[in-house]
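Note that the chains are named A, B, C, D, E, F, G and H in the order they appear, and that numbering of residues resets to 1 at the start of each chain.
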Amino acid sequence: MSEKVLMKGNEAIAEAAVAAGCRHYFGYPITPQTEIPEYMSKRMPQVGGVFLQAESEVAAINMVYGAAGAGARVMTSSSSPGISLKQEGISYTAGAELPCLIVNIMRGGPGLGGIQPAQSDYFQATKGGGHGGYRNIVLAPNSVQEMADLTMLGFSLADQYRNPVMLLGDGVIGQMMEPVEIKENNTRAVEKPWAAVGMHGRAKPNIINSLYLKANELEDHNNRLQKKYALMRGNEMRWEEIHTQDAELILVAYGITARIAQSAIDIARENGKKAGLLRPISLWPFPEPPFVRLAKTATAFLTLELSAGQMIEDVRLATRDAKPVYFYGRTGGMIMSPMEIYQEITKILDGKEGK
Amino acid sequence: MSEKVLMKGNEAIAEAAVAAGCRHYFGYPITPQTEIPEYMSKRMPQVGGVFLQAESEVAAINMVYGAAGAGARVMTSSSSPGISLKQEGISYTAGAELPCLIVNIMRGGPGLGGIQPAQSDYFQATKGGGHGGYRNIVLAPNSVQEMADLTMLGFSLADQYRNPVMLLGDGVIGQMMEPVEIKENNTRAVEKPWAAVGMHGRAKPNIINSLYLKANELEDHNNRLQKKYALMRGNEMRWEEIHTQDAELILVAYGITARIAQSAIDIARENGKKAGLLRPISLWPFPEPPFVRLAKTATAFLTLELSAGQMIEDVRLATRDAKPVYFYGRTGGMIMSPMEIYQEITKILDGKEGK
Amino acid sequence: MRHEIIMSGFGGQGVLLMGQILTYAGMLEEKHVSWIPSYGPEMRGGTANCSVIITEGLAGSPMVEEPTAAVVLNLPSLDKFEAAVRVNGVLIVNSSLIDKAVKRQDIKVYHVPVNDIAIELGNLKMANMVALGALIAAIDAVEMEVLFTAFAKKFASKPQVIEANKAAINRGYDYVKKSLN
Amino acid sequence: MRHEIIMSGFGGQGVLLMGQILTYAGMLEEKHVSWIPSYGPEMRGGTANCSVIITEGLAGSPMVEEPTAAVVLNLPSLDKFEAAVRVNGVLIVNSSLIDKAVKRQDIKVYHVPVNDIAIELGNLKMANMVALGALIAAIDAVEMEVLFTAFAKKFASKPQVIEANKAAINRGYDYVKKSLN
Amino acid sequence: MAEVLFSRPKALFDIPTHYCPGCHHGIIHRLVAEVIDELGIQEKTIGVAPVGCAVLAYDYFNFDMLEAAHGRAPAVATGVKRVHPDAAVFTYQGDGDLAAIGCAEIVHAAARGEKITTIFVNNAIYGMTGGQMAPTTLVGQVTSTSPYGRNLETAGMPIRVSEMLATLDGPAFIARVAVNTPANMNKAKAAIKKAFELQLSGQGFCLVEVLSICPTNWGKTPLEAVKWLEENMVPHYPLGVYKDVQEAAK
Amino acid sequence: MAEVLFSRPKALFDIPTHYCPGCHHGIIHRLVAEVIDELGIQEKTIGVAPVGCAVLAYDYFNFDMLEAAHGRAPAVATGVKRVHPDAAVFTYQGDGDLAAIGCAEIVHAAARGEKITTIFVNNAIYGMTGGQMAPTTLVGQVTSTSPYGRNLETAGMPIRVSEMLATLDGPAFIARVAVNTPANMNKAKAAIKKAFELQLSGQGFCLVEVLSICPTNWGKTPLEAVKWLEENMVPHYPLGVYKDVQEAAK
Amino acid sequence: MPKPIFFQERCKGCALCTGACPKQLLVMSTTFNGKGYNFSTCPDDSECVGCCLCARACPDIVIEIHKE
Amino acid sequence: MPKPIFFQERCKGCALCTGACPKQLLVMSTTFNGKGYNFSTCPDDSECVGCCLCARACPDIVIEIHKE
């Protein structure tokens, strides 16, 4: 399995999950991620795993809760409206500290919206679309290869921290095909002595739970969670930098937008304009260190999103508003072209744009 | 109805809604807001209105969607886990631009959590717990009187902007009784020529919808929404200031926490410490102007929340990190005392605390 | 004076209502008042309690941590709140159900057999009103007349119960006033 | 050279597969490649199209706005993409179904009766492969041998179809090469 | 002058639909529109469109409509009906929409006896998303998420919605029909008409399940699909009236 | 030495419960525990607790458990069972949990023939949240959200869950029982036992609906409540076996 | 005489109408309409009985039945 | 002789056991246990037949039936 194959991003997620030892998939069809359940419905029976098409996204995330609580490596996937429906379940999964992978291949909204690519679920993914103040690790691939690699990483991190991990992609990366190498399973095998598997001689029952009726106990639980989140912040920030060292203008983009930004930077450099790219790979924890560093050397930042502006808040927070942070976005499935971005770059570097 | 009566915050919401002409309530019981549906189940039949206990929160928000789309003044209410379940429906309601009031009387989380008061759904309410990048107006009362007044205001704003409005309370304000005057209906009567009421001679059907299959049309729709949101930002920021003029330290708190902070400020002032309170009443749009102004006169901000820290991001963004922003929070239903806050004030003003 | 009062007892003992009537009376006197119950499953079979604030000053936080006065109608309530009462504060103990001794020396303690008095008056359910009268005697938070008005307003739809409860309030009041002599 | 190619036609005409095989070939030549389909309900009964990038440079954005080459297998596709083709770019037109004239003068246009050729070869379904051959003849994006390998790999489980399709690709290729003379 | 024996009903706009060739959605739309014409209720009809292939129904029907979230049409219709008790409110839903994600909403609308009409198009598959298994997919049927055929052991038997809902007290009328033959089409139309009439006379919840073809995702020509429906769907989903308060009252 | 004729089952911890005086939840817990003891499956039992008064069931049962979101116990149990096909997996759910918010999940677990057991405690009310109307509340019954009595016109008739689910092909066993008399308690226990046995032998989904009292929210003493159950609930919810694949096979 | 009138550009070529005509009068074209479909035709409508079954079978309301 | 043994502090005073005893042997106390409930008692257990019905009726497993 270490030869390159041509795969859709969605398929790469599925095959990487199989390679990572995921043997339980629960999901519900929705464009543009339906290739994931479809692929799983083929593959799982072949590897002795379970593919179950749930009656809804709500049921799917709660099946994930059950399977994760029972000790399995498990995943679900959906797209924007379906992910909204999973918010209660995600909060429960985070509250009960259950490891699992949740994939959101974003489409345009709000509401039914459309089925074309978007990045307008950034807030939902990173700030907690569910209630109660939990955190998920959020990973944002920008290529089919990363779809596969971050899937494996996601399972590792989920088990390591006993926490849900969200893979946040967009319709473009989900639908596009690129060469990809599905690596051999490089995830850690983790013991799950806490799982509800039947007592089988164990003295005390294992309980999977997020209920703490006494306020002080719930606060203790939250404090434990916050400690864990601090640990994640310390260890799990991931990003990529391209041409940032001498850059006057730092483009900030994730997922497909980062790919387009890269093309735009090529054009800019050809035209003697010093633009660079800072690509957050972990959207939560948001990779603050490079922002702090680059806020010293660059003159401005330009956040690019397929939304009306969400990550820009984290960019401003990470840079402590030390330098102007500009924004350019498209919504509803419209995708910006490298040329569009280049024009924004020009406007800023030629000083025609107020902040 | 203009005499003062003693009412629970939850009841004040319900009675104010009745006074505001709301004749359709759809909801599902959940502590600590069940007094709202209970009150409505008594009152609605008396005023010829509809009380319907839905089969779930998901059904309830979609009934609201239907009733709002059919032109009614309508509301629902729930608490944290139930609000998570409504996220898809809220996104639809925002996407289809339907006016309605959604009440969240927050309790501790994540997951099932507990039933004691909390403020850990701030992100969900203000950033969009649902998908697709919409905005709701979010109002945060800090007394039973405001529960009533902001309910009426909420209905007005919802109709005015054709947008969902969320009333974000906490278990304390929901459960506490205070004297309250249910004012006479001061909401504007708004025509709803767009509503699906049957054509009755109209030439073209009215369609309630959030689907735009063509990306450019969905982008146009989003641009229209963003324009509306900008209008709201311009017109609907609300806040209260207490002792801020000469304050060195600005406490920032909403809802019940603001009440406690006020007591703490009393103690501080008695002890010669210049603390003041900036209380956001609209959490979205977040009231930036006073922050910008006070960032010039004060030396620091202290954000107080019944959460692990959510509004603090908006405080930092609003102040542009011009002054240190400290944080103190309790979670899980634990409530800070004025004394606890006073100690934080002391630490900061006596310079013992690094940012 | 800022009164911060906790009332606590079994689920069925009517402590929430007792607090509401006191709060209502405070409102009628145009003071700043608030009432807040404990809520949740612990109510079921367990104890119920509420916090009442009556003040002429700032309303502020409705939560009571160190009550200026507490009424405890059963043993678990005594165990829970004895330590919390503010120095020089007041503790009304339902001596009909609680025979444990109060340890605090720095507060004023009134032992009132509210159940017995209520039974004597013909209805155990009025024990809460007996306790309320006792509390008012001890802390003078509101006028007795206003308290009666509050009760009457609350029970406007059941005028037949008013007189008996008024008597219960009076009996509790007198019991404490007498002990003050 | 960075090839940015759009292939477009009816839902059933196999344009997505055609793009995948080209992309596969590009991958076998160790170039940077990407393929992305249009998706959604417009596929149903309407047109389908895909974008293919084959380049030795940076992969970058997989979206194609101004194709260096376009293959249009039906009239709506011509209407949709004619204007987009880059100056000096290539347009392969399925003349079996499209008799509308191409207006652009600044691009290279090849009219290939791919349906007719495919029917002649005995299977209308191979029209896409005829078009693919024609495209390669026009733009030389990959080696023909590699293209055959790509096809063979893709259809490893159906070896019986390989030869016929190879013939179809060749026929398309020859048709264009001949017209170049 | 020419007499017109058959033409488009008024309640349907004169525009082409996006449905695949042969798809029964088009016929079912027409029957609904004919009934609305015949009852003369176009002006007071409010429809609720599903998420499914019929998501654009509001483009075709010529009366007020709301587009519901996937599966929630009965809840949306409930909201509408409670505001306009005199309106003719109906939902139009596919089998994924109604029987999978919207299962709770349809059961409870039925149980409440909500005075709405539901047109339930059962084509044994998720059409719009490209042919995944539905709760009504037959055992052994190959779909894109049951590539080895629906497996009885892991996915269970297909749900018979009409039979299940008929056990509730709230429904006034429940029937299963098909539009595969002229005779069945007549029965289908009669059932739809009754389902509107009983709603309007306040009898309760009314549902008509229409067996339908999805040639595209079944991988069949329309004529093959009709045959498959007759040979495979009808045996598992017997046509007939499952509940009728009017008949019961007689 | 004293022979012990009756004592606490092993599968129940020896601690007091939070249930109200007289609440049948305690009896039903005990019956489940007795069955688990008798079948000797404590070590391989995995329970799923609901949100409802039984939310703390995991404090009382002495085996592995998961606390599910409100209504989602069947989905959670499905996840568990698919990971541990040999485990005895059961959900314990109230009527609000199972019949209202969790309606889709129970219907689909039943339809899939998911090999789990469901103990469905029908007390015609939302106990935990303080006595609101449930889908199973009787017409005319006063609750905190039906203060004038459940209104047939606006809220519909109470759902008979066992009858509804019995129309599906997936269930192996469905019975309605009560624990109001010694004889009924015996039948209840026998039904629960069968519902575990048939799960373990892989027959399919098994559900036992137990009529139960909520003296607190019914506003009655426990003895009055038992009487009310007999006089009001049993007539609308007839006791009996609604499905039994074993009997059917005979 | 009754006869079927086709709105040819709307036809999707599904052929359901051909199966519905009791007189088997309808035939699919071998040429395409603007959408690219073979469309339904009635080469000889003289035997048409005006039963409308073809029209009712058509999902796309391609056919009207007129009577002179 | 069989007889009921009460775990008195667990009793919630619901009285379900008193209704269940075929011999009507059980009586609620007039005093309270630590939880504040009147508790069930068997003032004279000599007629107890060890049927266990009281124990089975108890939701709180307050009663064990022992036999000497």
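Simple rule for what comes next: a residue touches a chain if its C-beta (ideal position, glycine included) is under 8 Å from a C-beta of that chain, and two chains touch if they have at least 3 such contacts.
Remember, predicted model here, so these are calculated numbers, not experimental data.
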Legend entry - Fewest touching-chain hops separating chain C from chain E: 2
Legend entry - Set of chains whose contacts include both chain G and chain C: none
Inset, instruction - Average the CA atoms of each chain to get its centre, and name the chain whose centre is farthest from that of chain B. - result: G
Legend entry - Computed distance of Cα centres, chain E from chain B, in Å: 39
Legend entry - chain E-chain H separation of Cα centroids, rounded to whole Å: 59
Legend entry - Where chain B and chain D are represented by their mean Cα positions, the distance between them in whole Å: 55
Inset, instruction - Starting from the mean Cα coordinates of chain E and chain F, work out the distance between those two points in Å. - result: 34
Inset, instruction - Can you tell me which residues of chain C touch two or more of the remaining chains? - result: 40-41, 45
Legend entry - Residues of chain B whose C-beta touches two or more other chains: 31, 50, 52, 55-56, 58, 81, 88, 92, 96, 111-112, 114-116, 209-211, 213, 335
Legend entry - Junction residues of chain F - those touching two or more other chains: 19-21, 55, 67, 69, 100-101, 103-104, 107-108, 135, 154-155
Inset, instruction - Sort out for me which residues of chain F touch chain E in the complex. - result: 100-104, 107-108, 111-114, 135, 152, 154-157, 159-160, 163-164, 166-170
Legend entry - Complex contacts: residues of chain G adjacent to chain E: 2, 10, 12-16, 19-20, 37, 50, 52-53, 55-61, 63-68
Legend entry - Contact set on chain E toward chain A in their complex: 51, 55, 67, 69-71, 96, 100-101, 103, 126, 129-130, 132-133, 135, 144-148, 154-155
Inset, instruction - Spell out the part of chain H that touches chain C in their complex, as residue ranges. - result: 12, 32, 34-36
Legend entry - List of chain A residues in touch with chain E within their complex: 28-31, 34, 37-38, 41-42, 45, 50-53, 55-57, 81, 111-112
